[in-house]
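Chains: A, B, C, D, E and F, in written order; residue numbering restarts at 1 for each.
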Amino acid sequence: MNFLYPKLVPASFTWTRPENGAPVTKVHEWIEPLSSESAPEKSKAADFVIVGVPLSRSSISASGASEFPDAFRRAWKSFTTYNLDEDIDLAERIALDAGDVPMHVTDIRRCHENIVTAAAVLFDHFPNSKICAIGGDHSITAMMVKGLQQARAQERIGIIQFDTHFDLRDLSDNGPSNGTPMRNLIESGVVKGSDMYNIGLHGFFNTKDLKQYAEEQGVHYITLGKARKKGIKETVEDCLGHLATRVDTIYLTVDMDVLDIAYAPGVPASTPGGMTTAELLEGVMAAAKHPKVGAMDIVCLDPLKDTLVQPTVKLGTHVFLTFATGVMLR
Amino acid sequence: MNFLYPKLVPASFTWTRPENGAPVTKVHEWIEPLSSESAPEKSKAADFVIVGVPLSRSSISASGASEFPDAFRRAWKSFTTYNLDEDIDLAERIALDAGDVPMHVTDIRRCHENIVTAAAVLFDHFPNSKICAIGGDHSITAMMVKGLQQARAQERIGIIQFDTHFDLRDLSDNGPSNGTPMRNLIESGVVKGSDMYNIGLHGFFNTKDLKQYAEEQGVHYITLGKARKKGIKETVEDCLGHLATRVDTIYLTVDMDVLDIAYAPGVPASTPGGMTTAELLEGVMAAAKHPKVGAMDIVCLDPLKDTLVQPTVKLGTHVFLTFATGVMLR
Amino acid sequence: MNFLYPKLVPASFTWTRPENGAPVTKVHEWIEPLSSESAPEKSKAADFVIVGVPLSRSSISASGASEFPDAFRRAWKSFTTYNLDEDIDLAERIALDAGDVPMHVTDIRRCHENIVTAAAVLFDHFPNSKICAIGGDHSITAMMVKGLQQARAQERIGIIQFDTHFDLRDLSDNGPSNGTPMRNLIESGVVKGSDMYNIGLHGFFNTKDLKQYAEEQGVHYITLGKARKKGIKETVEDCLGHLATRVDTIYLTVDMDVLDIAYAPGVPASTPGGMTTAELLEGVMAAAKHPKVGAMDIVCLDPLKDTLVQPTVKLGTHVFLTFATGVMLR
Amino acid sequence: MNFLYPKLVPASFTWTRPENGAPVTKVHEWIEPLSSESAPEKSKAADFVIVGVPLSRSSISASGASEFPDAFRRAWKSFTTYNLDEDIDLAERIALDAGDVPMHVTDIRRCHENIVTAAAVLFDHFPNSKICAIGGDHSITAMMVKGLQQARAQERIGIIQFDTHFDLRDLSDNGPSNGTPMRNLIESGVVKGSDMYNIGLHGFFNTKDLKQYAEEQGVHYITLGKARKKGIKETVEDCLGHLATRVDTIYLTVDMDVLDIAYAPGVPASTPGGMTTAELLEGVMAAAKHPKVGAMDIVCLDPLKDTLVQPTVKLGTHVFLTFATGVMLR
Amino acid sequence: MNFLYPKLVPASFTWTRPENGAPVTKVHEWIEPLSSESAPEKSKAADFVIVGVPLSRSSISASGASEFPDAFRRAWKSFTTYNLDEDIDLAERIALDAGDVPMHVTDIRRCHENIVTAAAVLFDHFPNSKICAIGGDHSITAMMVKGLQQARAQERIGIIQFDTHFDLRDLSDNGPSNGTPMRNLIESGVVKGSDMYNIGLHGFFNTKDLKQYAEEQGVHYITLGKARKKGIKETVEDCLGHLATRVDTIYLTVDMDVLDIAYAPGVPASTPGGMTTAELLEGVMAAAKHPKVGAMDIVCLDPLKDTLVQPTVKLGTHVFLTFATGVMLR
Amino acid sequence: MNFLYPKLVPASFTWTRPENGAPVTKVHEWIEPLSSESAPEKSKAADFVIVGVPLSRSSISASGASEFPDAFRRAWKSFTTYNLDEDIDLAERIALDAGDVPMHVTDIRRCHENIVTAAAVLFDHFPNSKICAIGGDHSITAMMVKGLQQARAQERIGIIQFDTHFDLRDLSDNGPSNGTPMRNLIESGVVKGSDMYNIGLHGFFNTKDLKQYAEEQGVHYITLGKARKKGIKETVEDCLGHLATRVDTIYLTVDMDVLDIAYAPGVPASTPGGMTTAELLEGVMAAAKHPKVGAMDIVCLDPLKDTLVQPTVKLGTHVFLTFATGVMLR
């Protein structure tokens, strides 16, 4: 926070320039808060619209993922807008922060309705923007996509999912929890199973029943082992290639539990044997470059579990920045 | 876990006695699981019936208090049943563990109904037992007391509450969260405001509105400062003395956030300036000795936040053991 | 962060009220940022002006106390403005946040000059306000008091200090570090040693030389043991009583290392055998009530060392709120 | 813990299904406790028999590896029995938990004798099972293998070892510590040095003397660098291929300190430059598939050092599950 | 570590004085290593002889208390030798560090013999010194006292013990563990039960059997509750008064688990409801002042469990410094 | 610390050999303290001279990197001198520890001058040694290289840098902080931009301006992505090949923030997407083998942030040992 009283300082006194005085654009200097006033005029121009979705009381296990939108914003000051690998400066594009979707403390159904409504509003008013939802747990994905469908009823929607789990659990058991978003979308007719591609499944974190359901519904899944053999980038490009022939808009959902737990101490559901950081970033970059990818989310990252220097919060933030870079490279 | 295959070991081989071989009764050896089969016969004899209430998705802030019932049970092995200060052995009494109330992942209303039902069942079938609910967040208290009322409709119920907060928030804002249990009971006519005594309020953790509501409803509150001046024990005895003239059964609710945060790193809502461990244990002991105290709960303890050696989980467990000792001293 | 796009939501849709929807004033809703524009008009009315002083590279041991101003502001949302013990609402008074004093990365002398200048500006333009400096390490105290003297050259200044150390080290050794502020003020003639009262010294954290220097300069010191015997409140009142007969303005400096390390894991220099939270808050309250206390600071709190639920950051924040309450009780 | 009192709930009340209500088999639902009664009949059928070996007072450095058997069992509920990569369900096989070998607090020799006896009993009565010992420190390996030899005196035994160390220290220095198990087996004539294959050695964690001893005894060792160059799987298969021509039974010992410390914060002796999780799991899978591998252990994992979300405990558990999968794939 | 190459720096270059350049004596500058050469001449003059006893594999629960001697020495630099409360400078007395007693990795009996021998040597050669043993777990106390008896066979020895436990477990169960030292001394005839005073017992951490044994043997015990009521200092003085009429030398043993767990995160066996730091230091000071107290130990402090700023290691160190101060105040 | 009093133990008593009694040379037994007396004679023979540079108050963000020299020395006992991969024993060479460069608390310019002077002295008197500076933050590199130039004015110096950042910030903003060392050397004419090779840059941690400055000055930079594609070893060898044709001495600087944050929790500036441990060690080994590499440093490692088992401190130590091994392999 800058000293707010400079005018009253005698003109003869020269302050030092603030720390980090060099002409660096940090991410928090790039992303603008969206105000209702500015919204109409910006609705055409914005490249990225971020919305916080601080809901994790719908998570099967106790989760503080609702704290991630705030932690994500605080992490912005650790990143510049300039990507050296690609020689691209995100600051050349417009990014807006639409704030957080309001939540109810004890009525999860209303929370979900609020997300659908907020998503529909954003997808409607920002037709040229990539909408980036910052969760929250994975239950929010079904709601974001339902909002997308409300706003663009004529479009067929496909999904690229990075995940350790199918997320195809039966909703009749425990409602729309973080174990169900994909089934929710299938059963509600919003997305066909065959328009879903799940990359990163592995190990002992799913069941045979769910696999059978996936196969019945035509859900495509590529285990981490197979994706590694083919190449993560190649796998993602391959999935997108097939999917793009059928759908109008592709929604990318990044469940951070796809990561190996050594890379993601702040994701309680992450597991031994998952993706490395490099693999996930490679996959996200590949997805972001595809012209039909119009929205994304990052879910299941609990900042309260992260270790002292916040590796997971920083990685979650890097996922968003990588996505934005990929979009600029289209 | 003991070695399960002793029979097959040659008779000529003498095992060493297990570690801790001395004739010590640890708490986990004392408390028996309640089975449906044994329930009827035990219903008369049991002194204490424990029930886990693993609900914290109703908490305003993200909470892992739903993990406390399990952590509480694991902590039993750190305690013997013998209280040296009072020369009393809890093992002389019967304690049963009724397991956990089933919960729903996304329907908090159903969770609350389940708690009411389970409480009613327990209060009905164990008329001579102290029912001890292990939360979970503070929203469960309203449900436990409603269950008590269902089971014993003819009884007038009073409450002794250790808390840093009034817990009198308006339910029309966000439903029956952990900020509302006392108002919930008042508005539903289950307990009169004037039959509630809240001990331990202090600092900047309440609002003037809530204080006014408390006063309108006749809720008694004794700030920590005043309780300290008079003596914690004396304060509790005084409250009980007044309350006992009016009610049939007294329910003791211990919100662990009444503790100073230095003593309770595992209670995210604990605050600077709260009770010391010694003060809380003194207060619980005083309450437990009163013959009309028939039930209690321990809430808002999040084991996932505790530090390495688990001081807060151990303290929460000690609160229960102190309560049981007080009951034996009646 | 609230959802920023409400206007575009269909009027037929009713959002739930935000979490914590009840009419609660949290501290972050009370304290206003000071803008240059509003400064002149507010200069009469403001009761409290907060200024962050994020300097700790002048600390003898490696310190992250420069992070405390930010952590302090983030902690505001954990506190309401209403003090239940005293039935006082801070929101009835005006509090301004002047932001942080700009710092230089490698020139500590310039950092110190900046603090003096900023302090002089604030003490000059806000003659009726209590200036509250949020450190940083203890070297800043000398600079704040020098700024006070620049602004009000005619006033005699006295100091009440809560500290485990004398902070009277020789400046010719290593310059104006956090071990020297009191000696700095004595040697520069800003404050007389006999106008300084240090409360809380104890144990093995000082040297005989420093004690002799203190005595030569007439610095008053009351060890924690003696203060406890007399009563913390009585000790502070006694010191203030004597000091007020001689000086015009009293500056209160709270070195958080006065606390016992069990209460202050986020103060690396805190020690076994220090003050309890209750004692420090009692002392701060007593000081704040005195009409001549016109400024205060809180120093040496390193949020990067704090444990997960941030007990020390919360306690540091509580110290400020307690000070403000005391001022209102005058 | 399930609610134990369902019978008494009115039939008209419908509980929600428990969380995780879907037909998922978690590992803790699969593995059955072995009782003396059931032992004879199960002795033919069991595929896996687990035995806890909670001994780490024989460790050179202070270790809490004695806590791993308990932590291992608690981690079961984080895993399903279904391995998606291989489309195999462990639940189709029988796994028994024989509990923990009893230990003595101050007589390490007796602890070791107890392990030998327990191992002999298990290897004798479960001739068709894979015996899986959960340490404990690495000293237990010598005892498990001695027990194996007692039970099956006619068999020649070979060893595959994943380790950062030779574990060939001289027993005359400090007895059978965790630095000595391989030498112990060589010197006692139980296993020939030339029937031992150690994979994963690297860096500055061994001595020239030990290497010379290894070479004198014909112990095969493949440094991590060489194994990586050839492929972990290929290396393991190669070792097994040679070894299987000479021995009847192969014992697999997994010292978790073979892992890079970034993957294993709960293994104090893990080192920079060790195996990744993916490499270890690949190696264990390759070993498990070999028909002569009849027993395994997991040692030197100290759950008390693990970070909050327990990556190392989960990884240790995954090692067992991967082993079991490999066995099913034979 | 100071720069070791000053001579070669050009004379024209003036180094700054090292940080902390002021004439402060830190504890690590006071305590001298004892060398064999200097031993004879120092044997008369030394006031304090410290010996590390890094044994904790004899602990019932897994313990890293063997790391405390090293951590204790590293903490010295956080303390000066000057006690401000008493205006006493420890540096006026001679303190020697005799290093650590050698230990065996797997033969706990030999470790114990080594301690007895080392203690006998020290008590023999330093008749005028206070011998201060830095554990290690509580089993070492029996060995230190046996060594004392060997060296001074004609003396009758008494014990003052600060502890949460009786430490009177039966040695026939599990040998001389940390649960047995007092019984060990009674049964071996070294100290009579009636010459033992245990202060600080409380809560649910002992058994009725042990209490009965204590009473049969005449062991005096004062619960923490009773000691608080009478005053810690008064309690200790009272015990010493009685004991001193009967014995020649008093051994003070400080089991750090006597502390409340909030003050001692680095003592896994510490408990809710134990002593505060202030109480323990008061008790140690009172004991140290008595002329017959000739030796002491500090046990059961596990630095590996301590939190980041090491409150428990610092407190353990403060216990020693307080003891030394008390001795100087005789 | 060994027991220092062995002479007085009766000859008839046989101590056990110390733990780790085997003839292992640990790193702390290999590296000798450099004394002024021995310096002249050793100046020819020493292969490695270590100097601690405990300065991090010049770091842009709060840093405890000043604690690394001490932590580095304490970590020595976790490593032997024998490298198994290369069958090389460092103990065959001479390594000296010159202690720490003295620092000033508040005058960073003098700290920097002290480093230049100390470096010049060491480079002058140890012409045949590799000088290894243990930081501290990255600002020290400019000072070490300036000292090198003072000592060997006729030599042209080149730099190999492992880093996530350019470290080319403008010194006129905030002086010679840890963001500036490379620019500092360019602007002061000590090293040409075109004699600098920076390996490991990636992500969003630099700015376009700095890249342009780098290109104007001819600084060579190889992003991590490009280095990975070519091979880390091959990249380093390639850079050295070009550089060696132009310069006399090559200085290797290892900014530990080049590591992925999952591998380096003790480097607050480390980032998602950085090098793995294996990659860094491979790069350091390749650099060390080159005959013109005459000095190195390790910077920006903050031990106070490391996790419990100290993975980052151990890795920093391993970097030095790997460097020494590489030198022996020339």
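Here are some notes:
By definition in this document, a contact is a pair of C-beta atoms (placed from the backbone, for glycine too) under 8 Å apart; a residue touches a chain by one contact, two chains touch by 3 or more.
Keep in mind the model is a prediction, meaning the values are calculated, not measured.
With centres computed as the average of Cα coordinates, no chain lies farther from chain C than D. Homomeric contact chain C/chain F: same residue numbering on both sides for over half of the interface positions.
Rotation angle relating chain A to chain F: 120°, from a CA superposition, given to the nearest 5.
Compared with chain B, the chain whose C-alpha mean position is the greatest distance off is F.
The distance from the centre of chain C to the centre of chain D, with each centre set as the mean of the Cα atoms, comes to 56 Å. With centres set at the average Cα position, the gap from chain A to chain B is 40 Å.
In chain C, the residues that reach two or more other chains under the touch definition are 16-17, 19, 60, 104-105, 107, 174, 262, 304-305, 307-308.
Only residues 60, 169-170, 173-174, 179, 201-209, 211, 223, 225, 260-262, 265-268, 270-273, 305, 307 of chain D touch chain F when the two sit together in their complex. Within the complex formed with chain A, the chain D residues making contact are 16-17, 19-25, 27, 79-85, 87, 89, 262-263, 277-278, 281, 307-309, 311, 314-315, 318, 321.
Chain F makes touch with chain C in their complex at residues 56-60, 62-67, 104-109, 139, 173-177, 304-305.
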